[in-house]
Structures are given as structure tokens and as C-alpha cells.
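We just call them A, B, C, D, E, F and G in the order they show up, numbering each chain from 1.
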């Protein structure tokens, strides 16, 4: 059985999607994370249903807002 | 009395359904989990009422969003 | 004064009702539980107001979603 | 200054009202409780505004759902 | 700088108002409290906007529901 | 880098605004606080959009309701 | 892999955006933060969709309200 955070460890410096509580979704390059799922993304942008992604730059996401993280494979 | 996580241990590498707070439901192959119910699924897809499942690939679900996990028996 | 979990201990292998936050209610045979009220049910089904129960099979309920557990006496 | 749980200790084997988050209210005989306010009631029933109380029998209430407990004096 | 709970300690056996999450407000004589703000009130009543206060008698309020406590000075 | 609570320490005995979850805002003289952001205000009043402030007197605010605290400079 | 709080450490004394639960967004100069993401901003203002930013001055944000922090690069 693989480690729960293995998916994140192998995604460092790669693009990931992060779904947040309340329905927002952001995409960016994973730079760092910790066991609370606090996450640092670079070149992040918020995906929006009816318009262009909104540039967010570098962001820190507080872990308790995270629902799903997935590599942008 | 069986152990609470026994159901997950025997489901590793098998398909499971995960119901999330807010009503979303995802299906995928269970690769890993921990005592917070942080879960890694492979070949995950989000089940949707009126359309085809949406492919999510490999995902990490933060445990506090989980309501129910069940093997896709 | 009886122990708080005594009601669950004596319900193992018997049918119980579990009310969840948000109003859902499931029924099944209690196989396991822990101090967080993580619960494993067998032959579980979701009770629905206007239709037949929906079969869920074996399920793990994350404890923080539980409101009330009661034996189906 | 009396102990915070004294009110519950002296209510064991007596009828109590329990108000839950979301507005539900149940009444029953207090059999057990712990420091999280997990509560076991016997002969419990859910009080309903426009209809007869609904019989629940013996129930375990998960403490984090509790708002107010009061003896049915 | 006074202690955070000093306001409650000097209010024991006196009337206080307690505002709860969700907007309810109760008034009663403070008999006991602890560091989680679990509170015991005597002669409690629920204040209602368009009608007479509703008698609650002795009540235990679970601390996580409390927003504001203030002496009825 | 200054200490996170320095802003509160230097505001003791001075007027502060406290925004609460749910949108309420209160103003008062800060008398005490702790690391959970439990806060005691004196001469507190609730600010209201379309009417005069409502006098609350001395209040204890449970910390988990606090969103923002700022000196009334 | 960089440390999760590195983004904040290098932003001290610089302008940051802070998105809060519920949708509010504030901008200000980061003066301090701790591991709970309690944050002190100077010259803070609340950004509003249809009107001028609202001046807040110095503020302490309780960490559990924070969704995203990003440098105003």
C-alpha cells in the first residue's frame, strides 16, 4: 500500500488541480505541501466556468479548504 | 468485532465509491488511505446524475470531506 | 451509569439505523465502530422518503457525519 | 461553583430534552454521557411541530450535534 | 490585562445573556462554566422576537454553540 | 517579524472592531484576550447597517466566531 | 521541496492578497503570521466588486478564515 502523500511527493514541480470547498478550482505548479495539506502553487490560476482562467501567481492554500488534489497528467 | 479500517484494507487495489460532503460521488481504484481517511484513488471519475462520468485520473481526497466509502462489489 | 458506547457494543452484528448530517438515513448490520464513531455496516441501504431503499452493500461511514445511531429493535 | 456536568450526572435515569444543531429536538431518559456530550437516551422520541412525536427507542447521539440539554422537570 | 474568563467568574449566580450560533439567544442565571464555554444556566428562557420568552428551566449549553456571553447588568 | 498577537497586546484598554462569522460586527474597549482569540470587550455595541448601534455592555466573545480584529484608530 | 510557509516568510513587509471563507478578499502589507495562519496586515483594505476598497487599517485575521494568501507581485 503506497503512502497517502506519495501522490503529492511525485507531483512537486509539476502541474496539479486543486478543488476547494465551495466549488472553486485552481491549477498551478506544486511547489510545497505539508501534512495538513497546506499547499504552495506557482503560476496558479482559478478555473472559471464561463470565462478565461484568472491569474493568481504564487499562492498558499490553507489545507482545510482542500477537497481533491490531482496531477494534471 | 472487526477493525474499523478492515473494510478499506481489503479494498486496496479494488474499485470503491466515495461519497463526499456536498453530495458529490467519485469512483476509482483505492491505492492508499490513512487514519484521517485521506484517500488516494487511481482511474477516478466523478459520477454525475445527468451526464457521463467525468475523468479525474489519480486523485488525493482530503479525509474530512469523506462521508461514506464502499467497495464497488 | 452505563458506558456511552455500550449501546453500540451490544448492537454488533445487529441491524442499526444511522442518521447523518444533512438528513440522510442509512440502515445496516453493525460490524465495527471506533471512538470517533467511524462505523462499518453490512447490507447497508439508504432510506428514501418517496422510493425504495437504495442498496449500498458494505460501507464505512466517517464518524463526523453521524448524528444518531439506534438499534433497529 | 458547581461542576459543568453536574446537571447531567443528576439527570441520569430521568427524562431530558436534547436540542440538536439544525433545529431537531429529542426527548428521552438519560442513560449515559461522556465529556464530548455523546449521549445515550432510552425511550427517545423526536418532537415534531405539527405531528405526534416519532418513536426512536434507544439512541446514541454524537456529542458534536448537541446544542442544549435540559432536564424535563 | 484581566483574565479572559474573569467576566464569567464574577457572573456566577447572576443573570447573563448567551447568544448562540444560528441566532438564538437565551437568558438565565449562570451556575457553572468550563474552559470550552460549556455553560449551565438556571431559570433559563429563550428570548423570541415576536412572542413571550419560552421557559427552558435548567440547561446545559454545549460550548461550541456559544457566540457571546454578557452579564445582564 | 512582529508577534501575531502584538496587535492585540497594544490594543488593550483601547477601542477595537471585531468582525464575526455570519457578518455581525461589534465595537468595544478590549479588556482581555487569549490564544484562542476569546475576547472580552467593555462598552461593547453591535454595529447595524440601518439603525443605531445596539448596546451590549461587557461581553465575552468565543474565539472561534472571530474573523477580523482591528484597532479603531 | 520548499517549506510551506516560505511564501509567507519572504512576503513579510510586502503587499499580499488574502481570500477569506465566504468570499471576502482583503489586501494589505503582511506584518506577521503564525502556523495557524493568523495574519497581521497593515494598511489593509477590503476589496469590493462594485465600489472603492474599504479601508480597514491594521487588522488581525483569525487563521481558520483564510482560504488563499498570495503576494501582490
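Here is the rule we use: a residue touches a chain if its C-beta (ideal position, glycine included) is under 8 Å from a C-beta of that chain, and two chains touch if they have at least 3 such contacts.
Because the structure is a prediction, the values reported are computed rather than measured.
A.B. asks: Which chains make contact with subunit E and with subunit G at once?
C.D. replies: F
A.B. asks: Angle of the rotation mapping subunit A onto its copy subunit E, from a C-alpha fit, rounded to a multiple of 5 degrees, please.
C.D. replies: The two chains, subunit A and subunit E, differ by a rotation of 155 degrees.
A.B. asks: Using mean CA coordinates as chain centres, what's the subunit D-subunit E distance in Å?
C.D. replies: The answer is 19 Å.
A.B. asks: If you average the Cα atoms of subunit B and of subunit D to get two centres, how far apart are those centres in Å?
C.D. replies: That gives a centre separation of 34 Å.
A.B. asks: Hunt down the residues of subunit B that sit against at least two other chains at once, touch-wise.
C.D. replies: Residue numbers touching two or more other chains: 64.
A.B. asks: List, in order, the chains that make up the ring, beginning at subunit B and going on to subunit C.
C.D. replies: So, from subunit B then subunit C onward, the ring reads B, C, D, E, F, G, A.
A.B. asks: Quick one: which bits of subunit F touch subunit G in the complex? Just the residue numbers, please.
C.D. replies: Per the stated touch rule, the residues are 1-8, 21, 37, 63-64, 66-71, 73.
A.B. asks: Would you tell me which residues of subunit C are touching subunit B in their complex?
C.D. replies: 9, 12, 20, 22, 26, 31-34, 38-40, 44, 56-62, 64-65
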